[in-house]
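Listed after this line are the structures, all set down as structure tokens.
The two complexes that follow have chain A in common; it is paired with chain B in the first and with chain C in the second.
On to the complex of A and B.
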């Protein structure tokens, strides 16, 4: 028994390492093929994010919101729902927070308190909107993938409209808000970088989510519903309630991510297309095997890959899209349960036989 | 040998969780025969057929078709090699027409356009040829089950399959539809087709088939000509007691009624009435055994009591309270525990740790919480540890996923949870099926201890003769959705007598069944 368990754990580990190696090998091979200076390209891609303070700052600047959207998506993914509303509420929350901050510039509140209020408002807005696809799924059986994606576009246009009509900056050539007032900016932890105090919020969120996951009955219920709904039903768990809360929590964490990102990194609101941060949250959750305690690892890995890709893009002749292909390969291989499954099954077969043999003698 | 269209030799299949579903199984089918593959639920019949159809890989053994060894790579390959399968659960596109379903994957075209008329023509031709009457233009979703099954058969026939596998085809049919199917199968046999017919209904096998192979607990335990076998011999092979064990138990002293069922009627998913008005009661301190060949309404009775199935008539009371209109949780709270026959589907969450599985039904109780919010980890850990010890669950620490355990240990987890929930009514459905001897013993002893020491009432549904005879204080037999026998003194019942009631050869009158309700 123990051996079979170890075999499974071992394969999980080997699988992830092998996935990374294969994806890297493919990428490197392709880089070598398409660029004149492959060594330079590989260097930028693999080491680039760690070469300067500013670049590492960029990495952390992505890592912070990934912590939040990734945690949020852990709830959604663990409940076996594919609700992508995290993407839409990310922008919406950032937008609402930006507008409130700009309209109330110079407010007579201590900055820390005002920032806290803004973050809470952003989170609540996200939760409220997140309730829509969740209710539609659990009460009306409308598939959450469809409704959340549709809603994401509605939210995108809503934010564009709000920015245009309320706080648009007419001095700039693109659509964006006027500058955010100084008092709402999250403190930079390292000057001249994107490393800001939102890091603590992100890490705190991971802790809170881990507590909810494993230390409350709600977390238990969500995980059981996501794992086997029939069993949840027989166990007398209120399935609809657990799943709705899971999806709303997912939206709330994502929305907090949007608010933190806006106040931490940006001078003005200018997300006029979907940010992909919500979708990336799902990738983080996949990489973390839907365990919030692993989100920092998953978030860091993705932030690292995304930053490397960006650097590669502006330093060499390799297009960004190409690197995204490679990232997709990594994620696919990690997510694919059956990768190397054949070897695993052969091993388990041998162990099961062995065990039976031992029992018989 | 040469007349064998198929032979599967020494097949062994281990599922990913280490469960050995087929072990050294052999099966040979002759040309032009209807070969029965019988065995209880979980014996490994579907697994064996999925292997043959190329659905799942196997680890050992070989498959020969017409004497030649073959490697079947997938369902398409199987069809290519002349093997067609009618699955237990149909694989159809309900929104398409009969013709469209029949030709799916081999659509006739005119240019690049799907040729609807040709499809209908092909379908009608094959339907006429084998006298499987269907209307090619009907939408599949609108058809009754019997006709949908014919569509599946046609799908195999139109692809020129010579060996047809029917996985429990009669489970979903009415008696009339079953009759009709048998006529058609015999017709196909005359036309030279070979058929593997899976069932656990003996009457059907005796009536329809030429030869039989019996699986029990993943192994082939025998095969032979039907005409050389009696129903009794066959039933003995299927349910047979491997060993007659005697369990010591004190005489029960039943007290108040815990469960009472009056005039219960239930329909299954396909709206067929499968429980036809039954009355029974279970009293505190006794085990009521429900014997019967599987599929005679036992599962539905259990599901009605637990609230998973809404009865079409009758009343169920648990500890005096009618359960009508109550949620599953409310019913549980009346004092009910349920050990389901399908342990992976209803009994546990396979991908979750043992710990979570042990606590699933009670985690929101106040006693496990600190400050009314956070789980009291220590209390939970203590309880988990204690249950693991008490029920001898073989694991490291309870943190591993439950699917890593052997079937016996998974069942121990389920039993541990259900027995410790504080309920005073336990509905146990096939609690020891497919489980090793040691665990079986532990589960049976626990059931007896619960009734004798803690005044619990048990409704024990089982197709294991040994179990029902050894454990029950009183016993009923179900056949075709009705209770056909009730015994106040189980000790006096012989295997033969029980067999006759189970197979519908005898039936008690209401007067003979005194003390039933």
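On to the complex of A and C.
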């Protein structure tokens, strides 16, 4: 049995690598087709993020929110719900935090305490909004994809409205808030880069999520409900409750990500279009196979891909959006049960036969 | 302001914004009848909308544009089917991934072919569907404002509902689709291949979605705009779900969703901030879903109770 388990794990790893390679191949093909200088383009995309300190800082700056949205989506994805409200609450939490910080500039509180309060408020707002599609799904059987996407659009316009009417900066040509006060900025760990102390919050969240996942009955219930609802039912698990908590936790982590991101990287709030964070979080969860302990790997990989695409976007004429196609290919292939399934089955069959042969001897 | 002329032109605008919802609700209806929810009509629409504009712009032929749009939409459907039913990726995950891929992919393609990331206006001069005045009705005052002079695709969409009703309830294929939807295993045991039916229903769905998409870029507007469907795929699907997948009832519920959209468009002209008004179609979708599901829950609970009462009331022999 041990051999078969090992073969299974090995195969999962090979499948992820194969999926990434295929996605890279498709991307390279796209780049080669549309640019005059493919070698230069590939260099920017693949090596670019590691060439300067600033760029690596950008990579880590993206890595931090991915840690949080990725862990959040692990809960949602593990419960087999595709609730994308993480997208909307990410901006909403960032927006609320930005407004509070600007309106209360110069507040007489120690900065660390004030930042902690802001982050908690952002998280709670996210959790409260995340409760809506979760309740709609578990109590009224309204599909969570539909409700969460509708709410995401509504939240996008709501945040734009709040920014426009409350804290809009009239001196800039685009819609954005005024500058965030200095005291709420998360401290930079490396000067002149986007690497900020939110990194610790992100890593702590991964640890907390891993503990909830594997060391509490809640985590166990969520995993059972996600993988086999019939079994959960006969074991007397409160399915609705577990699934609602899973989705709310997902929204809360994502909202924390938005709050950390706005206080860590940005000078002002300016997310006037959907941030794609909900989808990116889902990709991280798929890459890490719903296991929070692997989220840092998935988050790093995605941050690397995204930073490479951004560099490519401003160095050459290739639009950033191709990376979305690439991400979709990765998701489709990794989540495909039958991708390379024939080889896997053949291998396991052979191993099982071997084992049986050994026993008979 | 609120005279009869105004009301008539408002009702006409309701029909104008509901047209894509007619198409989408029928598109999602056929897959729902096969037992699957298609969350990716949005990306099918995007693919068709962009391809239709580009191809008709190059060839200066509406027909080629339409055909290319349908092919593009069908290609998306085939990718989804291949991933979901052959590679066994979760259908919903597949749809989410495809939606994101197409949202980025159409922007990418638009940049490559039209050198703009926002819209194809001024760059590609595509053909568009014309308007049609209905004989006789166009001479009746007021009624003509509401019903006549709409885009051809509006009338096609109404015809499409009738065709869908006929297909689902009056043909052998429709029976098979419903059979697979009710119980795939039972259908399989009577010799119907569910996977084949899934492919067929997704292909039919893609044709309807293609027309919905092309209406947006070659009728309602005359250019393609980044992410121009803005949730219409999901709103149309909600209309179908509220109507419990009944073709003609879906039309009525689509009109209800179209009404809130038209109302929002109208309110853009007032001095309420446009961001607040833009929320209206989405919020009203959520509210309508909650209300209709609550009613359905209460009704089914009542039915259940009535049935159990019958059971206990039976005299014991």
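Definition applied: the second predicted complex is superposed on the first by the 341 of 361 C-alpha atoms of A that agree within 3 Å, B and C clash if a C-alpha of one lies under 4 Å from a C-alpha of the other, contacts with A are read in each partner's own complex, and residues count from 1 in each chain.
Methods note: a residue touches a chain if its C-beta (ideal position, glycine included) is under 8 Å from a C-beta of that chain, and two chains touch if they have at least 3 such contacts.
In this text the structure is predicted, and so the values were computed from the model without any measurement.
A.B. asks: Consider chain A as the common anchor and indicate whether chain B and chain C clash or fit when overlaid.
C.D. replies: clash
A.B. asks: A:170 in the overlay: touching chain B, chain C, both, or neither? Say first, second, both or neither.
C.D. replies: Neither partner.
A.B. asks: State whether A:191 touches chain B only (first), chain C only (second), both chains, or neither.
C.D. replies: Neither chain B nor chain C is touched by A:191.
A.B. asks: With both complexes superposed on chain A, which partner does A:329 reach: first (chain B), second (chain C), both or neither?
C.D. replies: second
A.B. asks: Which partner chains sit in contact with A:349 here, chain B, chain C, both or neither? Use first/second/both/neither.
C.D. replies: Only chain B is touched by A:349; chain C is not.
A.B. asks: Is A:142 contacted by the first partner chain B, the second partner chain C, both or neither?
C.D. replies: After superposing on A, A:142 lies in contact with chain C but is clear of chain B.
A.B. asks: Identify the partner contact of A:211: answer first if only chain B is touched, second if only chain C is, both if each is, neither if none is.
C.D. replies: In the superposition, A:211 touches chain B alone.
A.B. asks: A:231 contacts which: chain B (first), chain C (second), both, neither?
C.D. replies: Once the two structures are laid over each other on A, A:231 reaches chain B alone.
A.B. asks: Can you tell me whether chain B or chain C touches more residues on chain A?
C.D. replies: When the residues of chain A touched by each partner are counted, C comes out ahead.
A.B. asks: Could you point to the stretch of chain C, among 55-63, 91-99, 145-153 or 181-189, that collides with chain B in the superposition?
C.D. replies: With the two structures superposed, the offending stretch of chain C is 181-189.
A.B. asks: On chain A, what residues does chain B touch that chain C touches as well?
C.D. replies: Shared contact residues on chain A: none.
A.B. asks: Hey, which residues of chain B end up touching chain A in the complex?
C.D. replies: The contact residues of chain B facing chain A are 14, 16, 18-20, 57, 59, 306, 308, 327-329, 332-333, 338, 340, 345-352, 356, 359-361, 363-364, 368-369, 373-375, 377, 394-396, 400, 404-406, 409.
A.B. asks: Once bound in the complex, which stretches of chain A touch chain C?
C.D. replies: 30, 34, 82, 84, 132, 136, 140-143, 145-147, 149-151, 153-154, 157-158, 160-161, 164-165, 276, 279, 282, 286, 319, 321-325, 327-329, 331-333, 335-339, 341
A.B. asks: Once bound in the complex, which stretches of chain C touch chain A?
C.D. replies: 37, 39, 83, 86-90, 92-98, 100-101, 103-105, 107-108, 111-112, 117, 230-231, 234-235, 237-238, 241, 273, 275-276, 278-279, 282-283, 285-286, 289-290, 293-294, 297
A.B. asks: Taking the touch rule as given, give the residues of chain A at its contact with chain B in the complex, in rising order.
C.D. replies: Touching chain B from chain A are residues 1-2, 4-5, 8, 211, 214-217, 220-221, 223-224, 227-228, 230-238, 344-346, 348-349, 351-353, 355-356.
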